[in-house]
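Across the two complexes that follow, subunit A remains constant while its partner is subunit B and subsequently subunit C.
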Partner chain A sequence: MLRVYAVLIFAFLYVPILTIIVFSFGESVYPTLPITDWTLEWYRTALTDSQLLEALTKSLIIAPLVGFISATVGLLAARELARREFRGKGLVLLVLLGPLLVPLIVFGLGLLLLFSSLDVPSSIWGAVIAHSVFGISLSTLILYSRLISFRESLMESAADLGAAPARAFFEVMLPLVFPAFAAAFLLSFTLSFDEFIVAWFVIGFDTTLPVEIWGRLRYGITPEINAIATVVLLVSLTLGVLGQKLASQRKDES
Partner chain B sequence: MLVFFLIPVLILTVYSFWSVENFQVQRDFSFDNYTAIFTKPLLYKAFLLSLRVAFFSSFGAVLLAFPFAYFIAKKVVKYQSLALLAVIVPFWTSFILRAYAWRILLGPNGVINQGLEAAGLIEEPIGALLYSPTATGIGLLYVYLPLAILPIYSVLERLPDSLTEAAADLGASPFQVFREVVLPLSMPGVLVAGVFTFVFGIGEYVIPALLGGGKQLLYAEAIVLRINAQQDWPAAAAMAIVLMVLTFGMVALLGRRVRKMELF
Partner chain C sequence: MSQERQPAGVSLIDVTRRFGDVEAVKNVSFDIEAGEFVSLLGPSGCGKTTTLRMIAGFEYPDEGDITLDGKSIVATPPYRRDTSMVFQDYALFPHRSVAQNLAFGLRMRKIPKDEIRAKIETMLELVELPGLGDRKPDQLSGGQQQRVALGRALIVDPAVLLLDEPLGALDLQLRKQMQLELKRIHREIGITFIYVTHDQEEAITMSDRIAVMNQGSVEQIGPATEIYARPETAFVAEFIGDANVLLATVVAVGEKPTVTFAADTLTMEVARPARTFSERDVVSAVVRPENVSIGPDADSFDNVYDMEVSEVIFAGSYVRIHGLIGGSPLWLTTTVSDASRSNQVGSRVRVGWDAGDVVLVEWKS
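Entry: the complex of A and B
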């Protein structure tokens, strides 16, 4: 009984995603069953659509930057939090949760008002900053839970044996926290690659891929969306799986 | 990071007390934007509808999540981490696209209507499936289901089997074991699941905008309307502040409740 139920829930979670993928190969302009003819036409349309490609390029510039900024800042912040006990530490951890809890529309609007009152022209940097705020929160929490089990004495031993701080960091700490660092990078990347509302608010006329997809979805039937959506879904599924696997590795080793 | 998070919130607060005249922001001070939320029919209706849709979808999500989480936590041994991974991963895929998928599924010529027709259950497509608050509710339930499963899973996983066995040995029926042992002890997870899916649901924009049809606006849609159609930033800011206070307020209450429960 329970087993059947679990299978149904898995189906519920995955059928909508699979639907898009299946229809991306269907010939009909309208996504209706049955699919009589199969085609790769929509992939060709999507791949020759310069507007879509431009949006994809922007997303591919923003997402790695966000991933890198988030994982690096997150590592430094998590290390301070993990090796020191201080008053108000609980509060700091709570504030870190803030960006992950705040309704996106609130944050997007606030950031837009901030940028416009400072006369910052809208550009991809707005999106990089906005997404990094979430990314840093997420990364710090991932890395913190990893670093809690990292023994600071290892760094001291390295120093005693004559390693410079930078060397100790790169040769002792980084290898040990690398899985969590990579997880933070990948998950922040994915977060940024898929995020829509905040990007929509702050980015002005430059569009990221989700913003471009949104624009097309609002104006009727555009079958090439299914093709680009399939690509996007596969990218985020892969990165999500990798990121989660790395993030949950901590208990098995060390 | 704090700068980029806290300052936008402060600016929103300041804006929310200003007003707008002829599309120009006036820097005065009034509570009008706040009173408007609870007196203008368009706004309070949107607010109430959001509360209702979010409530039903989070209730549904917790209800669906519980037996599933129980199954993963207690019955799956070998592939437990794989099963968990499979639950989390959809959460990392594009929000817009997961909502869009439901437009394909629920539409008048969509997969669900066609399936029901083919099965002879209905004679003509149910038009109200898509572009209604119901569709929004289904969409919300779908995207936040993983978020409901995880906290319930983590409390059930820590629940020692010896407790349920002891209750059964002492003559409790399976139903009694569930009601008097499993449910009370998993309450923190259930509350976390419920509150989080609820607060995310209230502030959701993408799903109602894609699936809701625009006839009955939800709260987040009303905020965007204030900005796009009327350029009324202060009103939008006030609405955003109300949403944020509600969200953080509920999470704070939840934090206190859960901490109390875990104490004993």
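Entry: the complex of A and C
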């Protein structure tokens, strides 16, 4: 019985995704079953479509920036949170969760209003900033849960032995929290790479890959989109799983 | 080691450190001489670690000054202080090998690689860990980790070594062994050691001088023998060694100072107290249990009383006898043979001690 449930749940989760993957290899322009002829043609088309490639490039510029900004700011914030005890700390942690809980559409709209009232021109920086808000939230929480078990005496002994704060950070803290740092980077990267709604609001004429895909969908699903979606899926899935693995790595090593 | 560091003296001048409402360290002043081995001794929470951390630079004094070699260091960050610390949890870098841990401080000082290698070898010898340079800290026993922590702190030739209960995590046997070894190392390299412990025996075994701390203050500083013989407060008397602390009232000063005790029913002669008291002052009279004689011999002492024995406890090499004199509790220690001659529970015996064995200190309830 349990097995049946498990199968159903996995089917529910993965059949839509599998559908995209399967159709991306189908010869036919229209999504029809069963698929009679298989092809890699759509991948070739997708990867030579300059507009798609441009969108992909944008995403690949934005996502690592978001990953890096998020993980770095998250690390600094998490360190302060982890080593200080103060009243209202629980509240701060809760507020940090905020961006992850607010509906994206509301957040995107708010950001659009904010940017336009401040006359921030729409550009990829808008997306970088917008995605970093989520990324920092996520990264701070990931790194906080690592840093609460980090022994402050390690940093103190580094200082005691002559390491200035920056040196102690790179020699001692970063290597020790690197798995969590990498997890924060990868998950923020993935978050940005996949994200559509907020990007759509703030990005203007530049388009990220999800925005481009969405734009094309209005003219119908093409196998080319299935192909690019499959690529995105694999990238996100790989990074996401890797990030999760790193985030849940043994925390008892320092 | 190539350029031997001159040991440096450390002084605290009216140092106070608060955490919110807690005064962790209150108005502490002392001078530690270059090359001395001084222990900060006191119960948990009395401010030992905070004092040590202020010398290392991890805490700052809210008031007062700290000097190293006569020069104020409170504005110097820890990474530029000429002090080295052995942390209570050792704080070894878990991602680095023993050799890399030892090399850390030398790398920060930009010492050439081959010199670092040579120093590591010498240090591994000194702390008796030859051949273990490639191990990671988690592949070592607690005692070995302790030695690495010690070596890592010493290898940079500090002027002062600070140790925060470094043996606290070790079992008794190993602790005794390490105490002797730390003494040896102190003798060999001759730098100033400031050693935090809550274990009076450890402090007595190792230190040239002991600073006894209580509730953020240093109550007395001096050699163990002096602190033991001449405690300046009731707390010190009870913390170092064993003591009967009797509530007493001064009734005569001058040539033959005298106090009354046991609700003023008994009188006791005392030697001239270290500090001056006046008549009718309420004081603590400290009498060490091993200075109390029991049985017929007791009659030859300055102060002689009848004691009702309430408990006789065999404690291995000696016997503890508890009883009441004039309704006031008193205990003493005696040899097993002496004890067997006298004293059954409920019997009355003579006890006595010399005026010179009584120390008067201010009353503290």
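In this section, the second predicted complex is superposed on the first by the 248 of 254 C-alpha atoms of A that agree within 3 Å, B and C clash if a C-alpha of one lies under 4 Å from a C-alpha of the other, contacts with A are read in each partner's own complex, and residues count from 1 in each chain.
Operating definition for what follows: a residue touches a chain if its C-beta (ideal position, glycine included) is under 8 Å from a C-beta of that chain, and two chains touch if they have at least 3 such contacts.
Quantities reported herein were computed from a predicted structural model and do not represent experimental measurements.
With the two structures aligned on subunit A, subunit B fits next to subunit C without clashing. Judged by the touch definition given at the top, the superposed model places A:D119 against neither subunit B nor subunit C. With both structures placed on the common chain, the touch criterion links A:G162 to subunit C but leaves subunit B unconnected. More residues of subunit A are touched by B (comparison of subunit B with subunit C). With both structures placed on the common chain, the touch criterion links A:D37 to neither subunit B nor subunit C. By the document's definition of touching, of the two partners only subunit B reaches A:R3; subunit C does not. In the superposition on chain A, A:E85 contacts neither subunit B nor subunit C. In the superposed pair of complexes, A:L154 makes contact with subunit C only, with no contact to subunit B. Minimum Cα-Cα distance between subunit B and subunit C in the superposed model: 26 Å.
Interface residues of subunit C facing subunit A in the complex, by the touch rule stated above, are 56-58, 77-80, 83-85, 87-89, 91, 93-95, 104-105, 108-109, 152-153, 156.
Contact residues of subunit B toward subunit A in the complex are 1-2, 4-5, 7-9, 11-12, 15, 64, 67-68, 70-72, 75, 81, 83, 85-98, 100-105, 107, 109-111, 114-115, 142, 145-146, 199-200, 202-203, 205-206, 209-210, 220, 223-224, 227, 233, 236-237, 240-241, 243-244, 247-248, 251. Against subunit C, in their complex, subunit A makes its touches with residues 151, 153-154, 156-165, 167-168, 171-172, 175-176, 253-254. Contact residues on subunit A toward subunit B in their complex (touch as defined above): 2-3, 5-6, 9-10, 12-17, 19-20, 23, 30-33, 73, 95, 98-99, 101-107, 109-111, 113-114, 117, 129-130, 132-133, 136-137, 187, 190-191, 194-197, 210, 213-214, 217-218, 225, 229, 232-233, 236-237, 239-241, 243-245, 248.
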